[in-house]
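By letter and in written order, the chains are A, B, C and D; residue numbering begins at 1 in each of them.
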Amino acid sequence: MKKIRKIIAVTGIRSEYDILYPVIKRLNDSENFELKVVISGAHLSNWHGNTAQLIIDDGFEIADKIDSLFVTNGVTQRSKAVSQLISGLTQTIDREQPDLLIVVGDREESIATTIVGNYMDVLVAHIGGGDPVWGNADDPIRMAASKLAHIHFTTAKPYSKNLISMGEDDWRICFTGTPGLDNIRNEPKIDFKDVCHFVKSELTDYIVVLKHPLSSEHNSAYEQMKITLESVKTLCEKNNMKAVCITPNSDPGSFEILKAYEEFESDRILLQNTLPRNIFINLLRNAKALVGNSSMGILEAPMYKLPVVNVGRRQQGRLNAGNVKFVDYNHQEIVDAIEKACFDNNYRNDIINLANPYGDGTSAKIVEDFLAKIDMLDSKWLIKSKLV
Amino acid sequence: MKKIRKIIAVTGIRSEYDILYPVIKRLNDSENFELKVVISGAHLSNWHGNTAQLIIDDGFEIADKIDSLFVTNGVTQRSKAVSQLISGLTQTIDREQPDLLIVVGDREESIATTIVGNYMDVLVAHIGGGDPVWGNADDPIRMAASKLAHIHFTTAKPYSKNLISMGEDDWRICFTGTPGLDNIRNEPKIDFKDVCHFVKSELTDYIVVLKHPLSSEHNSAYEQMKITLESVKTLCEKNNMKAVCITPNSDPGSFEILKAYEEFESDRILLQNTLPRNIFINLLRNAKALVGNSSMGILEAPMYKLPVVNVGRRQQGRLNAGNVKFVDYNHQEIVDAIEKACFDNNYRNDIINLANPYGDGTSAKIVEDFLAKIDMLDSKWLIKSKLV
Amino acid sequence: MKKIRKIIAVTGIRSEYDILYPVIKRLNDSENFELKVVISGAHLSNWHGNTAQLIIDDGFEIADKIDSLFVTNGVTQRSKAVSQLISGLTQTIDREQPDLLIVVGDREESIATTIVGNYMDVLVAHIGGGDPVWGNADDPIRMAASKLAHIHFTTAKPYSKNLISMGEDDWRICFTGTPGLDNIRNEPKIDFKDVCHFVKSELTDYIVVLKHPLSSEHNSAYEQMKITLESVKTLCEKNNMKAVCITPNSDPGSFEILKAYEEFESDRILLQNTLPRNIFINLLRNAKALVGNSSMGILEAPMYKLPVVNVGRRQQGRLNAGNVKFVDYNHQEIVDAIEKACFDNNYRNDIINLANPYGDGTSAKIVEDFLAKIDMLDSKWLIKSKLV
Amino acid sequence: MKKIRKIIAVTGIRSEYDILYPVIKRLNDSENFELKVVISGAHLSNWHGNTAQLIIDDGFEIADKIDSLFVTNGVTQRSKAVSQLISGLTQTIDREQPDLLIVVGDREESIATTIVGNYMDVLVAHIGGGDPVWGNADDPIRMAASKLAHIHFTTAKPYSKNLISMGEDDWRICFTGTPGLDNIRNEPKIDFKDVCHFVKSELTDYIVVLKHPLSSEHNSAYEQMKITLESVKTLCEKNNMKAVCITPNSDPGSFEILKAYEEFESDRILLQNTLPRNIFINLLRNAKALVGNSSMGILEAPMYKLPVVNVGRRQQGRLNAGNVKFVDYNHQEIVDAIEKACFDNNYRNDIINLANPYGDGTSAKIVEDFLAKIDMLDSKWLIKSKLV
């Protein structure tokens, strides 16, 4: 009889959970694996939409809830979050004795989970390593997590190569593409009226705005957001369009971004808390363009064939399918770039035909197949004998 | 008027402090820098010699003391230590607002300090990166710390190259050699009678034994130590020698090593707690060989021209000046290797003439010169725009 | 030469700091004492007005800032806050080695500070013990803090008696009255136009609303607030009055209270974040009545000769100077009670002539005199040999 | 169908677990209750006998293990332990959602558990409140825990009265006697040869020594222990007796006590780690006297009809069945008192006939009956409306 492997996934925020979801859904449905989820950070906050309930409603067994998000706009917030996560997660792992931990990306939960796995002799699979984006405190964290993780699921082939050049064994690395694309692929089309009803506005031509603070520039977060929103306002008024804006993550600077949003909120510039996945995906399917600096623009927009205007330095250096135009915090530059994205048909046609380096929406299956075929008890997985 | 830069050094255990000491002593004496020390971990434990007092007696200003060592031989000990360090250190850094953090090696304090620096936008200088040793939970931690640190002081030239191949900018890397060698260089010779008096035994021909648990093999710690000590006993009785054994560090398995020591303790096999630096250095200067698996055998023994018998897998893969012979947990193999180390004059002559890849005992000066000439406020140091 | 005693005050939220302020201001100005402040909790949150800056601007030396407020509306928030406070404060006290800790009331900081003092052998003076209010998780905390504290400054004479009946030595107890009254006594009258300017509204006849969640009823917080605000709306529209509402504290339920406020906010029902002390005091000096469930209604309103309508069970059982009418969550009952408070001249006259059991605004001087005359090093203060 | 109530017991050290054991054994065996145990503190330490295994072997389901004991002889140890316990326990309670927490005594786990119960709206039953012992940091903690607990099981009738005078409702209080006596009552007599075999010594006439550090005097721990052991040595040599000494708890000062023991250890003065319950009880059943300052002398010795010599101030003020003689740290006084305890037949006869105020060894049944008959969901249990 084959032993069922026990996997614990760790998640801290909605944006990262959306990437994790298709993978753990599939592992949970598989008879080879038992899966539990540790919920932390912004998930546990009413101020961020209480997305813990979403995870419970998705049908996962919850191993523990770990509060890790402090109310402070000081620079102490994120290292203290790592501290809370490590402490709480150690308690969880000591009780649950899993065979594998799985975690996504470059946030506090990625470094906390890989540290706990390293010291407690539990394998860690990390999704999203090797991505050379820089400018944020998150970026070196992603790299450090890769040096600690035992299995790497990469979202683009060049990222696999980056991991090898950083000293990781090639047999630990598996290209899966971005799991977020699985969501888009799997999500049924809904009547667009339901989208309009949800956001309480009649939408025809509209853009979506998704903007997060950049840690190295969080003191300018308010000014940067103001310039962005003034440009969005000019664009929308000139072309009789609307903008659906989504509230930012919980990093330092988010408070200032919200402040700016509240000043610009109107019948034309709509502010929305985190949206349910089906609303969000169908909203993007019908949008003219995406504006802001979310990783979605880089990673997921190609699957929507959606033009993106990335404002500021966040996401710089990441692999670009050709659908992303980078602009500075300059009013005219932003307006021009959005107009081109919305109305330049040649440019829009090019985007429709672009190849997507981030996979085809079958990541979850690739992960499951990889994990099903390896022998997790073979000590070669745990002991990293090649480190540079 | 030139601004004095404020530096905070973080230390957690005697062995690592010995490496840090010559560097921070020099920085503390320099008029360019203000230096404070954060004391944590085993330093704060009477059971490990209360070496916090040693640091205070060395004349450093103490920024904070952070308890981080739990009494548990469970596998929870080390990740929880990281949690405590991050939390406490964040509080310290928030108050002290230093320009630079400095930390050594691959233990909990290295990853905790680099995480705090990364999230709080404070530069971190890391001593000892790029060393490809593997087999211990410490080793991936060293690599992760390198990916987070902003300045790298390396202990051997090949290690600098390793950091570059891992994606670190070359201008962040400075070869200093092992600072522990500065201690040996600086330590005056004392009358050997004082050494004998301190260890309360008349020493003539003797070896020194320094053995720590290996995290991936901590369940075998007792058995491994027993084999080692039986071999040492055989060797000493046959050749009328003594063995001065030093108590291990506080990692999981240390309890079992101590248990084995207590069974073998005798007039011939002496057990010593951590020794004062002057006693320790002069003890090694006169020893026939070093046995065990301490990093000292690799890094510092070449400066003493001391043959080393490294028992087991710890220290494997590290650059070997030619003075270290690796043996397995096999009674005859260990006895033979120690005899060769002590009595094979050809072998001993080769060791006396070996080149030392770990520097010449001037690391502290090189660190000071490097830090004095850079502009710490230039954002190029803080933002790592090259990550792979 | 007389030794200067070192005192550390611990504060976690604006409402409690307002009580602490006159006392630590006076101690800080005294040549007998050196005073530092530990700032924690809601003070460090932009979402709660970043009142840490206020404390710094008040001229106090900051010993440490300790993040203790988690973003979670779960029931985990407050016990985890105590955990963070104890850990951080232990680090602070270990470094600062104070002679005395001082803390107010019944919140997390009171139990954390008394626990730390108890285990670290540092005297703790507690302001506000013996108050028999019940219904909130805070209330048993106040009592537990009293059992741990070494010196008790009470806000009313019956509360001193309560402490004695609980087993506290009478010589540890000193009636000071409520220090918050010192603020009112000390605060200069300002031109009422400045108050109007600050709240951005022309005020003539108005009430002030101050409502916090009750921990044992936090699930009803939204419904309760809605009933309260509907009553306030009815009252204001009928009598052409305005209501100045102040945002609640950070306890579970506060999110729901804010949600209700946002629905009722209008030109007549004004919503204000925490106000500067001079604005707040002068706002109350000119108000017709105070509505809600703040401890201010019980403790400070008598000094303003201000009628209070206390809605719900919070503050029940506390000593009432005669100015407070308790009502249930019933629309008509609330409206009637506020009308009586605002317009029944007999009732208002009675209130003007009431005796105030909470002192006369000279608490700070009484505290200073008490602390100046005792010998803190006498072990009788530290060892509580009478416990029941 | 009657709902099964879920109970979580919290334990931190062997001495306190011995009191808890008969109660939770009975609750665990009852069909009315589901019981889990949280293990923390010294239980998780190999240095203290790894008694966690004992609890697991006793057949209890473990809810979580929480590391809370730091290796530090600083005064930071115990408040930091409370911090760890509160944080870890909050995570546990949030997951387990028990109906009741149960905890014994005056140590870190008592205050941590009552704080968590208070803030998380979970009932706490506290065993051992109202005991007026003083002199230790533990004592005010016991009182504070009583002010926070919802149900009180007292070990002596006068202690019930003390709780009432402290303001606790009489219907929350139930006299059970000391549960430790249940162990003695339940423990079968074994062949004394097995006891001798276990301690590896032929015992005929012997005393037992059990001595813990007193927090307010921990700096004198070594000196006090030396005087005690010199007296024990004199006594034993003079009367050809042996002394079986048990290692102390983990409080500050324990390291120094151990140091003293190691100096005096001999064929006559035997040093033992924590003993299995059956060995320990049968050892005491045959001992001539108990020496030291353990609470056992006060609470359990009466059931053995065992004379006790209590050295120093620890245990002062506790109800004395008449079998305890208090002496100071004075050589002759200690020797004389032990001789009287061992050889004065009138005194020994009096002790055999003493009434035992600490119950008759049926505590567990009384606890079970009490908990089975109350309605835990009635809010009167949770909300303490009488606080003074």
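Heads up, the rule we're going with is that contacts are C-beta pairs under 8 Å (C-beta built on N, C-alpha and C of every residue); 3 or more make two chains touch, one makes a residue touch a chain.
As the structure is a computational prediction, the values presented were derived from the model and not from experiment.
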- Path length in the contact graph (chain B to chain D, fewest steps): 1
- Message: Centre to centre, using CA atoms, which chain is the farthest one from chain A?
- Response: D
- Contact-richer chain pair (by C-beta pairs counted) among B-C and A-B: A-B
- Query: Where the CA atoms of chain A average out and where those of chain B average out, how many Å apart are those spots?
  - Reply: 39
- Item | Rounded Å distance, chain A centre to chain C centre (Cα mean) | 42
- Rounded to the nearest whole Å, what is the centre-to-centre distance of chain B and chain C, using the mean of the C-alpha atoms as each centre? 52
- Message: Where in chain D do residues touch at least two different other chains?
- Response: 65, 74, 76-77, 80, 87, 91, 94
- Item | Complex contact set, residues of chain C against chain B | 62, 64-66, 87-88, 91-92, 94-95
- Query: Hey, which residues of chain A end up touching chain C in the complex?
  - Reply: 42, 44-48, 50, 65, 67-74, 76-77, 80, 250, 255
- Item | Residue ranges of chain A touching chain B (in the complex, touch as defined) | 74-80, 82-84, 86-87, 89-91, 94, 111, 114-116, 118-121, 130, 132, 134-135, 137, 139-148, 162-163, 165-167, 215-216, 317, 379, 382-388
